[in-house]
Structure formats: structure tokens, C-alpha cells
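After the C-alpha cells below, expect a handful of questions from me.
Labels run A, B and C following the written order; every chain starts at residue 1.
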């Protein structure tokens, strides 16, 4: 192996010589770390396989960075930029490339980054990392941000339960993208929220096992709507888009069905017909942009610390969108009431969901 | 007499080889002119030059008396030269009419293809030249002979005045050959000029007026066909006296090696193609199986070699039942098989020549040891086989067989199969596509194998070959044995009758 | 007629150059600096940054290049092996997942000493890949059912089977519930990162062995000879007495085994835990392109695998230099199209030859 290494090194050196001779005029677009004011802050964001324009997690996280950048006069591709990962095996190369470029903060979103961040952070102790939705990393240079998704899901559960009572179906649904610890938070909060206003409500539940299968999402929505659900909480990335499509088609046929969006305000995604009405009843927002924004701010202030940061309802880390055209005053009042109860501590939302084995109201 | 084509002092050099050396070919108008030569004599090169595929190194070409430069096939077409290739260039899923008009479609005012007009034109052409074809049939549904007519019609549709036929009879049945000869006469009558490339002397005798003979890239001479004997032409072509009749001493048959008993075999259509067929062949004799194409010969050969399932009856090789044995097991029982279809079965066309030489024996020493190929042994073996059977190819044993000429491909198969010195030989159409010299060689080898003690079943569509080589002759008609006679006691006429089912004759002496 | 004098290697190289040129043109049209493609490729290839020469050579980049080449070389060999027998193995994704299930199961459920444990994982993955490829091969050979259809179905069966099997039989990581616990330390391909953050590892040994095995079996053994015969002309090889059906099944299985090894190397080398797939990794599909560009022979596949690995590894550099990662996909696609058009490239080469010959003749005249 040593010999191979030597040969490779010789080859590399030889190629580098060739490369040197042609490098008289370096390109102007430049690397983020070295061009511009050295005193300014440099931030890199690595997407998961969903890409930067996923209208969800990655996009929102990056928007937090952009907001910070515009307030501080940073320039995209000079002070901050993103790397898209075409496959999971690209996480480590992408993270370490940013680290090699010497950025001040490398951010990424999603629990799939757990091992990649751990590996790369150990390799680059001088670089700070922010990773969203990951628990259990204890390193000085890694900040993990977690959201009380159970609390946010409780609120949309309240909305869903009220809708089920209103339509008289007493039946709601949920589609998830993959079983995981964080998904359990969504599921547990949603259950409690629904049953807090409608104790007899049935909940249909399906795991699509994919965050990108729109067709499957449509099929599962069909199944749940046929079973009688009037609202589906779609927690499944692009698979959820299929749920939204199915609902839109049904609304156009006069059915009274709704979808609750996830992560971001998905109202726009749910527009149908002439584009004035949306199937999105409301959305369970996770303010990942707050997490990235805060981390950037901490870097600027020099207060960035490793360890876990929890974003709860009280911190406005989760919640409903500011505007909810499809909700009534009564709905909003009920949500506000539940919100107060959670913040005040009179209601504690579980993170462990009930399963269909111990609750006949859950239809698997 | 005016010349339609004159190719004067044509020389063509390829790197390392002179393919045409000062060849002069003058074709008179309104005649059938034959171009005769062995495989590799330079006929194809000369025709490629005429067709604009190659440029001559030196020499001139005149068409209808005017000197021309044919830079590509389009120029040749514009000059009224059309070529009927040996391998047809037709689109299988198109109809006859569609194929004929392709590239030169009559149009309606709207710019769409005027199929009605096209069909009329095709019908009119086929009437005028006596080329009956169904204009609406799909190519995939018509016979090879019909496909050839479509190729001819394609040329006529494009107003070709000079038609080049490249080995046109290689793919035809005897009846189709007769019909083609008639078609050629009609064409000449209607004012066309035909250049016929072939190495079959009989056809030249039947159809052509003049004949130019090539040998090893040189022009040997142009002769009047009616004044020249077949033997003389053969001698000019090969360069020595050729004997058509193989010297065949009296057979001395031994034990029964191949025993076929009440065999029934289904054909592709699911009906019985071979019916209740029984035949015994002894060591040291050749039994020829005569018959018109499609009377069950193919299925019989497949059944005997294990390539198709046998419905009922038995096949025994030297007393051992191989009726339901695998193909490999047939070979292990000392059989060799020259197959009918050399492209589909006989060769792996994308393999090199040497790789093709060992398709049966690659598992055996010395060609492999412990599962590893021993290329050196194969190289040596290939050199010997090519030498012994005169197999010629561009890059020797490393030539991809696809690029070899049909005749040399056939010789390679014969070499491989005969060199196994098997006790039982199933030989189907062994000389198809071969030139005179090669035919002589292969026929000699068949007799040689017989004299070494092999039992030979020779299945051929060419009656000449059967009459020439067989000790006994079996005739198959409609899947059944319609005759079994001693060669010495039968006339060609009688065999013909048995082939068509008009006669059933079983000699006592021929029965065993 | 086109001649064979222009070798596949030359044609493939031209296809690669044309593909990169297409990428350059796209960048120019969209107002970006096309030279950045070369800056990125050289960085990934050598670790040397033309824009920042003073940083010297960073071995992480070439090592990452080799790392990302390893799986596609193996899946390329897989597709090529089946292709040489006249089969189209589009079932790589399924074989890959089957291999990764077996690898994870052996890693987590069996106790073995170091090295041996790793080898056992790789062998298990190879066997599982072979097993997964058995069915399409068997149905093709004995029922003449198109292997493409079965392969595609087997891909999805593997995807969902994986979820059930891993969750039912393997210990799941309690923090995420979306993967197994980490493999024990006895299962490791080591690290050849030479102090960089690269995960490059001893999996490369398996890759080299696989290339040599492919070459030897295909070109040097009687088995390979009969496989090639079957691939070129199955009727002809049947006539010759070869066991076509057995060859078809075995060829698919060997192809599956190559993909299985790819799965094991990625799983042990890059992840070190059993995965629950929500989609395909696409190495199996990439293998089709790699085999095509590599002309379906061992060393061609090695070279084209290194090329596709380079394109994958360069995506990071592309993006850092402001080139969308899609351009890298686009260049790959263009290369494949140009390779598919090699007949056309040969024609052009022949034409140029003839032209230069004519010019020479003129000079003489």
C-alpha cells in the first residue's frame, strides 16, 4: 500500500506542475473563505438528498442563513454558499470540503447527518458545526438544534380534531415518511392534540417509507380519505405533495377534505382550481431558519457553543403560520388556548405515541 | 455493338495487397454478362468500384460510352446502375410496396405519401417484367425468393438500366433459381443490361452470353459462354483442371452406427414435420438424403443431433440410445454436425476464427487445463486447420468470423467438424456458398471420412451433390421416407419424382 | 464501412472530452466561467487548487475520488459481466440492497475475530447479491421471461424487504430509529485517509481483486469462453453443446455478487451501520453507464468507473466554484450519449483520415 501511495503522490505532483503553469490568471469567482474581507463571517450549508429547493427543511434552513447574511452585508458564493448532496455518501465529502475551505460555520439539517457530522467534526476541531434534528452528539464544536415537534403537532392536532367534529366524520389521518425518533414526536403530539378536542376521533396512520414518492403519497391519501378521514397531516417531504394533490382533486369534486402541511407554511403548495383556495388547512412549522439564524448570530458575537439547543413552543421554535386563511376565529382561539396551556405547563405533551395495538382508534 | 459499361485497366491497391490488377471488363448492352471467380478473386472489389464505394488506384470507367467518375453510390444510381445485394437490405415490418418506394416516394398535393399511386406503379412494374409479388405483403411474411424480387423491383422503380446481381442464387431453392433465370431473360428483353456475379457454372451456362473470368485479382479472359464448356470455365477460374466427380471407391460398410427408428418430430408450427421416419446408416458409407427444401430435413437433422425434442421413436448411436440426450452428450457419443445455418448455429460470428475452431473442444486438453484456456495450443491448432482446409481470412486466426466471406466461413465449419474424426457425421448442405475449388476439397474430405470408417448422413438440396457422393440415397417427402435406393441403380429423374411424392421406391439391396 | 482501426479507448476518450466540452458550453451560455470545470476536476484529481496554489496539495480530494469510484467500478463490473452473456442486469439496486442486508446481518448477529469478520461480511453480501440475481436469471433461462422486467421488480422487492427485515431482526439505533446500531469494531475496512477526513479504505483491495477476477474469468477460462459465446449467439452456443441455461443463471448470479461486494464496501466503509433505505443509492443504475463507457471489459470498466467516480467526487468542487451540481450530471449524460454514438465518432475519424490522406496525395501530386 505504501508503494501505491508513493506512485500516486508522484503522479499527483507531476499533474500539479502542469496545473501550475496554467494558473496565471486565477478565476474571479473564488472560494468563499479567501476572497473578500477576512474579518467577515463565512458560512457553508450542506443539504441532504432533497436538495436546496425542497420547499421544506433545506430551503428553510438556508433562508435563515440568508436572512442573517442580508442583515450583515454578506454575499452569496463569497461569504456563504451551499453544497447539494446527490447521495448520502456525499455528506462527509461535502462537510469536509467546507471545513477545508476554512468556513466559520458548517450547517446541515436532518438526523441522517448524525454520523457524518460526528466524523468530520472530530477531524476539524477548529471549525464550528450546526446540525438540526440530531440528538446525542456531545462535542465542543457541534451545536445540535432540536425542535419540540410534539408540541407543534399537538396544536395542529387540535385544528384537525375540530375539523373532524365540524365535518362530522370524527376521523383524521396522518402519513409519515419514515419511522424515526423525531417522527414519533410528531405522531405523539398529533394524537394528543386530536383527542384533546375529539376523544372519539379515529386516526388513520400510514408510513410511506419514502420522502420522495409522490405517487405513493397520493395512493395513501386516497386510502385514508376513502376510510373517512377529513384531514390528513402529511409529514413526508415530497411524498406529502401526493397527499396534497389527492386532496386538491377531491376538493374540486366537492368533497370537504383538508391537509395539514409540515416544516414550512405549505399554503402555496395546496392552491388548486383558479388558485384562490388552498387545501392546506394549516401547517406545523418548524422554525429551522431560527436555528440557523441564531447560530450565525452566535458566531458573529463569539458566543457559539457546542451541545444541544432546544427550540420549543415557548421559544417560538415550532407553531402555526402567522396567517391561516382556512381557520376560523374559533379555531385560532382554541389553538391559542392550547398554546397557553403548554407554555404554562398545565399540559405536557408526550413524545411517545400510542400504537394501534393499545388504541383501537388508530387504524394502521 | 455498344457497351453499357466499360471498366478499362482497373487497378486497386489496398495496403499490402493488390485486389484488382489491370482488369478490363466490357459489358454489351442488352446482354447478361457473367463475372466469374473464386471467393477472393477480386469480384467484390471490382463491383464496389463500379458502385462508387471505392475509388480505383488507376484505370477509367465508361458508362454508355462516356467516361465517368463514380465518387459515391448516389452517382452510380444516377447513372442507372443498380445493385441487388447478396444480403437483402429490406425493412422486415414494411410491406413490399413501402420497401420499393422508400426514399423515392410519390407524393400527393398535401405532401403525404401517395400510396395508391405507388401501388399502381409497383403492380405495373411487376407485370411488365414478370415479377409476381404481392404488393401488400409484409417482407417478414414472404419467401427469400420473393424478397429478392422486391430488391429487383426496387432497382427497376429507380429506373436502373444496368443491374448488378451479386451471387443471387446463393440463397435460393432450385425452383427459385429457375424462375430467376427466366426473370433475367425478361429483363434483357425489356432492354436492361445485367451483370451477374457468381461462381456457379451451371447458371452462367443457363443465363449468360459472355463471361469474364477473374483469378487472384487478374483478368484471365472474356469468353463466349455458348462456345465454352463448364470444365473449361472451371479451369480458367481455378487455374488447374478441376474434377467435379469425386473419385469414390466402392464402400465397404460395417456395423450399424446410426439407427433411427420410427421417428416423429414436431416442427415450428406444432405439426409433425418428420413422420415415422426410420433409417439405418453403417460405418463406412454415405447415405444422401434428397428432398425439396422444407420437407422435414431441418427438423430431422435437429432431432438426430439433440437440438430439438423428439416426440416419439428412438435414435441410437452405435447401439446407445441418445433419443433424449443433451446436445453435449450427442457430441460425446462421437457425432459431428455441419449445420444448415452457418450464421445462426455454425459460428459465433463475433468470435475470432480460432475461438470458433474450439467451440466443442474448448473444455478438453490441450485447449484448456483446469478450466483455464490455453491459447497457445488453440493458436497452433487453428493454424493447422486453416492450412489443411484452405480457410482464408484477413487477419488469420484472429479474424472476427463475421468479417470473413461466406465461403471461408463454411470451410471453417467443415474444418472444425471434420477434424473431430467422428464416427457419426450429420452433414447438412456442406458446400453451400463454396466455389468450385472448395467444393472439390470438401467432397473429397467427406469421402475420406467415410473411408476412415464414419457413418455419414449427407443432407443436401443439391441433387448433384447427393448423386455424386452417396452410396445409398434416401428421399424425404413431406416428412416421410419416400424412397431408399442404391445410387448405382437410380436415375436423377427417378429421384426427382420421389422428391415430389410422385414415386415411392425401396430397393431390396438398399434395405438393411 | 467503418474500420476498427480507431480503438474503443480512443473513441471513449473523445467522448469524454466532448462531454466536458458540452459542460463548458452550458456554463458559457449561463454566464459562468467554463474554466472552473477544469479547476474543479484538477482539484478532485490531484488535490491541487489552481485558484489557491499556495495551499499546496490536499490528499483528501484524490482519496475521495478513489472512494467514490469504488462502488461504481464494482457495479460496472456487474452490469458488464451480465452484458457479455447477453443479459441486461438492471437489477443492481435490488442486489445492492440485498447485499447490504446480508452484510449488516453478519456484522451485527455473528461474532468473529477482526479481518475475518469483515471478509465474512463481504462474502455474505456477495452471496446475497447473487441470490437476488438468481431469480431473474432462472426465469430468463428456463421460462424465457425478460430479465429486465424481473430485475426491476426485484429492485422494489428488495427496497421494501429491507425495511421489514432490518426492523425485525437487527438491533435498531434508539436515537434515530432509522438505522441499526453501529457495527462492532471487528467489522472495518480501516482507514487509508492518510490523516485527511477522507473515508478511503481497504475496500480498494476488494475492488482490485474484483477487476482481476472479472478479467481472468471472462477472458482466460473455459467458463468465460462459454459465457461470451452464449452472449454473442445463444443458438450457436447451444449448437456447440454449451449449457446455455446454466450459463445464464450463473452469469446473473456472478453479476449480482459483484454488486453485493459494492454494497458491503459502501456499508462498512462509508456508514458502519445497517441502513434502512427510503430510496435507491443509484450505484446499480450508475453501473450501467460505467459498463457502457467501459466497453464491458474489466480494465475499461476500471477506467470508466474512475471517470464516473471523478465526476461524483467533483460535484463538491463544482458547487464551491459556483457550478450547479447538475452540470456534473449533464456532463456524465453527454459522455454516455457520445459513447453510444461511437459509430458516429468512428465515421468522423475515418472521414478525417481520408481527408488527410487526400491532402497528402495532393502534396505528392
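Here is the rule we use: a residue touches a chain if its C-beta (ideal position, glycine included) is under 8 Å from a C-beta of that chain, and two chains touch if they have at least 3 such contacts.
For clarity, every value in this text was computed on a predicted model and none was experimentally measured.
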Chain closest to the assembly centre - both centres taken as Cα means: C
Distance-maximising chain from subunit C - centres being C-alpha averages: B
Between subunit B and subunit C, centroid-to-centroid distance (C-alpha), Å: 45
Centroid from C-alpha atoms only, then distance subunit A to subunit B, rounded to Å. What do you get? 73
Averaged-CA centre spacing for the pair subunit C and subunit A, given as whole angstrom: 32
In the complex, subunit A residues that touch subunit C: 1, 5, 8, 12-13, 15-16, 19-20, 22-23, 26-32, 34, 49, 77, 81-84, 86-90, 92-94, 96-97, 99-101, 111-112, 114-115, 119-120, 123-124, 135-136, 177-184, 209-213
Of subunit B, residues touching subunit C in the complex: 53, 307, 326-328, 330-331, 337, 339, 344-351, 355, 359-360, 362-363, 368, 371-373
In the complex, subunit C touches subunit B at residues 1, 220-226, 228-229, 232-233, 235-243
Subunit A partner contacts - residues on subunit C that touch it in the complex: 32-33, 35-36, 39, 42, 45-53, 57-60, 62, 64, 67-68, 160, 163, 167, 174-178, 192, 194, 196-199, 266, 270-273, 276, 278-279, 281-282, 312-313, 315-317, 319-322, 325, 329
